[in-house]
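Each structure below appears as structure tokens.
Paired with chain B in one complex and with chain C in the other, chain A is shared by the two complexes that follow.
Moving on to the complex of A and B:
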């Protein structure tokens, strides 16, 4: 049984979401087309249409506890096919932003750590540096030797560079990160 | 034609063969590519997943740094992020003001962001491409894989149909490949989960590989370095898990195009693909020989 306990806080979060989306969540009539086409639905706690249903019922915090938004691959199949023009992927995106700010991993710590690590390497080098990303990601996620088997082959083929590439405008990148972080103070990036 | 060229991070590392072949093909077609000074990472999935401002400001930096009036982006993921940024910054004055504060300079609106596939398939007339072809693909069977970010969403990535894109199919037909119909041309490969939820990539990419093998294709043609990496690097492990026989190389459309234009395999980085491409090359060569013989007779 679902207990409906709309709190002023969750109502406010949902209202902010609707304002950002530019349409009310009631625009979704629960046809389920988003979930039917979603390639990640199989591994979600709740598929996209049910995430929206929970939100329609005001259960924002409950949605944040589910892993659905972290395992959404942002492929936009849902948004592309929605007959009601609901911004489904954008809903997932807004949930991710909020969860990241609050430090909520919702059972998907590896995904959370990956995003954090990816952005760290971009902040440091201005561009992606794969060996650094793989090593730091493994270190922080606790899977120390994950994907190491692929490294020698990739090095031989010249697909991995031992050192980070140069040429990015690092000052500009650092400025962007500094400003973006200040604007989202708890969303440490 | 002259474009600012935004290779993106992967074309300097895991997708170096895409960079090599893109530059070779553009040179042959007379498309001049000018590097963008100081370009940075677009932020990819991670930036847009966790911080909206960052997700717009990083691509905005690169767009604003471009010296030409249009950008050519070969990476579908970069292309999508740059398009998103441009569309939203032009529509949303408040967002644009915030991004400009992060950049410390005005955003350069009006730079057209184009994917390389769009430029080659839609800007260059087919007969001009045809005139540059020194050979064909000899009737090899290919499936064209577009993935998600190249064609979606409609108002952002607008150059082809969302569900049934055909730009790559047309190019490959022009090159003399037999382009097969298959159901997974726009289905996601799992891209960004490659390092975090590798099992998701196995699941999603597994379906794509199984479908391509079932269709009887000799190669999957791609236009995205994320797709290529998942289809290629992870392929042996995925097929083993699915208990499927065979291998199918995932090659960039620019590599096949370049091959027909007479560039060498080395020039186009065929050796950098993890799955062995020599059976494909042999098929192309024997197909060429077969079609050449009756034409001469």
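Moving on to the complex of A and C:
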């Protein structure tokens, strides 16, 4: 039994989320169009429309405990099709940011680790460095030899560069990281 | 021998794909009485009609059978063709070989055989048919409107606008109906009274509209074009000629705590009262049930203070008979008595109210002057739960959707936010039905802009705890049980026909549906007519509807009325029942079964053995008979026959079918 508070929107996290989205969550009328077209919904704890429903009821922490936003691949089919113009993908994005900051893996450690290593390599090298990403990701996820069989072939065909490429403006990338961590409104969710 | 022509229609492939047209034509041509038979792709088309006309003249036909669709579709078409050919239209019969044959059968041989049967039966019937002439009745150019709500007021105004005198009967002391008590109206939020009162004033000012307030229809005799209506004028105990509506009487009335019917008990009235300040007419009535004088013989305060001497305790109910040509029924609605639905604790918890009570509270001219307050302690509610579908869409109570509740609940949520800015509305609903111009947009405004919280599911339990009303229910969208600690609970209770509708249906001789709403003649094509000629419907008495729809139906009923009353006389179907007075025994079975009051008790004087004898017999009033045949079937002496459906015709028709049985026996 959920006791609905007098003002569920008083939840600060949800209020900030609505501010960032530019529309109240009540904009969603629960038609389910987002979930109907979601390619990842089958593996989510709750499909996208349920995620929004729980947020409408003020159950923010409960949503963070579910894996839905980690499984979301940001394909934006939901956002493109929403008849009420709800920023569904953006909602998932904001949840990921908050979960990442709090270190919540919500049953999807592998996804969480991938996000972490991806961002780390970009931060270190100014652009994506694939061998570094693979090694770090395998190391942190514990799947040490995952996908190693594909490495020789990819090297031979020139699909994998052994050393980080040049040309990235490292300083600019660092500024982006700094900005998003310290100043961007979305980072505050 | 009659000279009958048979015309068989393909109806494109509708009939021809299942029924062998040539075989039916061949068989028809061989039937007794038949002098000509043919078939055509579309008999109802212009060339098809010409085929019939030419054949009728060429073969000197005196009867026609058209084997085609249901007579409900094209009977008037082919009757007109018969008339043009100089044949009495009632000697044209349709054999239905589409709805009752080709559409419901697959086997060509069997369907063809059945079509031949149908043709054979109708030929036999036509051969026995008498020529009939339509009945003509003169029309009384005056209309009666029963019910002075918005639908009735609109109907009366429109009929009067057409130059026809209108009598508007209203059983409460003022016209205005439920709409007069509403606050703002969806979806535009314009003030209900502000848009209604000009119409009320127009109705009272119109020279062609006679207001009969505090009156009821007691009895209706006659039929379309000529109704005789008895109106009971309930005693007001106030001389309406002398009273100027100054209000001294109701201010001095010592008995002030009578729950006001107009306010649904939210406010009080005195024993002598006008229901609301803008009442039309602004003349008070004394409620005999609650007046102290009528109970104890003492008081007379109103009489003492009335400077014009208008109080008259000696008044009694009066009856007046009026003649009208048409009647518009606009008796409106009431709310379901939902005290039987225990889960809402209505009546047990004072802070559980109905939507109409909420309207009276939020209405600027209501008992709280527009302040929304908790009935229990008079404080402002901060959390209000609105419950949709209370008794509606529930097979234990009312199966139908009450239609207006979704929108008025959304409106209530918006009004709540406007009056109490920090209040929160929760609405338990099953579906939101917002079909109407600007309705969906209004609902979106309620939930997105005004922050109303919608919970999809029914309420399971309401109880009070620590000064709050706890509402438990289901949110099926999250799959969770939810509860709200509310200050006020507003029930959107099912709309039911106004009290007394059943009795009025009996008086008028019109039918009701299973829920007691008056039946329209056809749900799509005749939504304003009843099955009884000259009686029309407007507003919620036919089905739940909102203000725009009630107004539209009021105008539609007025238009139908004006159409009817614009004629000097009206034509009725001659297929009415006829009594043979020589064999009638006066058992009155026919009088008892007739839903239209057509059989009348009368007398005839006959000579038996040289002596004059007066006997009581039944006589059918042609103007009232709708040709349903109930009396014909009921008469134990078989002395009632129905024109167009006489025993001779029906037996001939059955005989036509039995021909097939006989033929089958002979071939065995």
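The definition used in the following text is that the second predicted complex is superposed on the first by the 166 of 189 C-alpha atoms of A that agree within 3 Å, B and C clash if a C-alpha of one lies under 4 Å from a C-alpha of the other, contacts with A are read in each partner's own complex, and residues count from 1 in each chain.
Just so we're on the same page, contacts are C-beta pairs under 8 Å (C-beta built on N, C-alpha and C of every residue); 3 or more make two chains touch, one makes a residue touch a chain.
Because the structure is predicted, anything quoted here is derived from the model rather than measured.
Colleague: Of the partners chain B and chain C, which touch A:57 in the superposed model: first, second, both, neither?
Modeller: After superposing on A, A:57 lies in contact with chain C but is clear of chain B.
Colleague: Name the contact category of A:174: first (chain B only), second (chain C only), both, or neither.
Modeller: neither
Colleague: A:102 in the overlay: touching chain B, chain C, both, or neither? Say first, second, both or neither.
Modeller: neither
Colleague: With the two structures laid over each other on chain A, which partner does A:153 touch: chain B (first), chain C (second), both, or neither?
Modeller: A:153 contacts chain B only, not chain C.
Colleague: State whether A:40 touches chain B only (first), chain C only (second), both chains, or neither.
Modeller: Touch partner of A:40: chain B, not chain C.
Colleague: In the overlay, answer first, second, both or neither for which of chain B and chain C A:27 touches.
Modeller: second
Colleague: Just checking: does A:122 make contact with chain B only, chain C only, both, or neither of them? Give me first, second, both or neither.
Modeller: A:122 contacts chain B only, not chain C.
Colleague: Going by the touch definition up top, name the partner, chain B or chain C, that contacts more of chain A.
Modeller: B
Colleague: Can you check the complex and tell me which residues of chain A touch chain B?
Modeller: Residue positions touching the partner: 39-40, 42-43, 71, 73-77, 79-80, 89, 93, 96-97, 100, 108, 110-111, 113-116, 118-119, 122, 126-128, 130, 133-134, 137, 141, 146-147, 150, 153-154, 157-161, 165, 167-169, 172-173, 175-177, 179-181, 183-184, 187, 189.
Colleague: Within their complex, state which residues of chain C touch chain A.
Modeller: 382-383, 424, 426, 444, 447-448, 451, 453, 455-456, 472, 475, 477-478, 480-485
Colleague: Quick one: in the complex, what on chain A touches chain C?
Modeller: Residue positions touching the partner: 1-4, 6-9, 23-24, 26-27, 29-30, 49-50, 53-54, 56-57, 59.
Colleague: Within the complex, which stretch of chain B touches chain A?
Modeller: It comes out as residues 9-10, 12-16, 37-41, 43-54, 57-58, 61, 65, 98, 101-104, 148-149, 152-154, 162-163, 186-188, 190-193, 195-200, 203-204, 207, 233, 271-272, 274.
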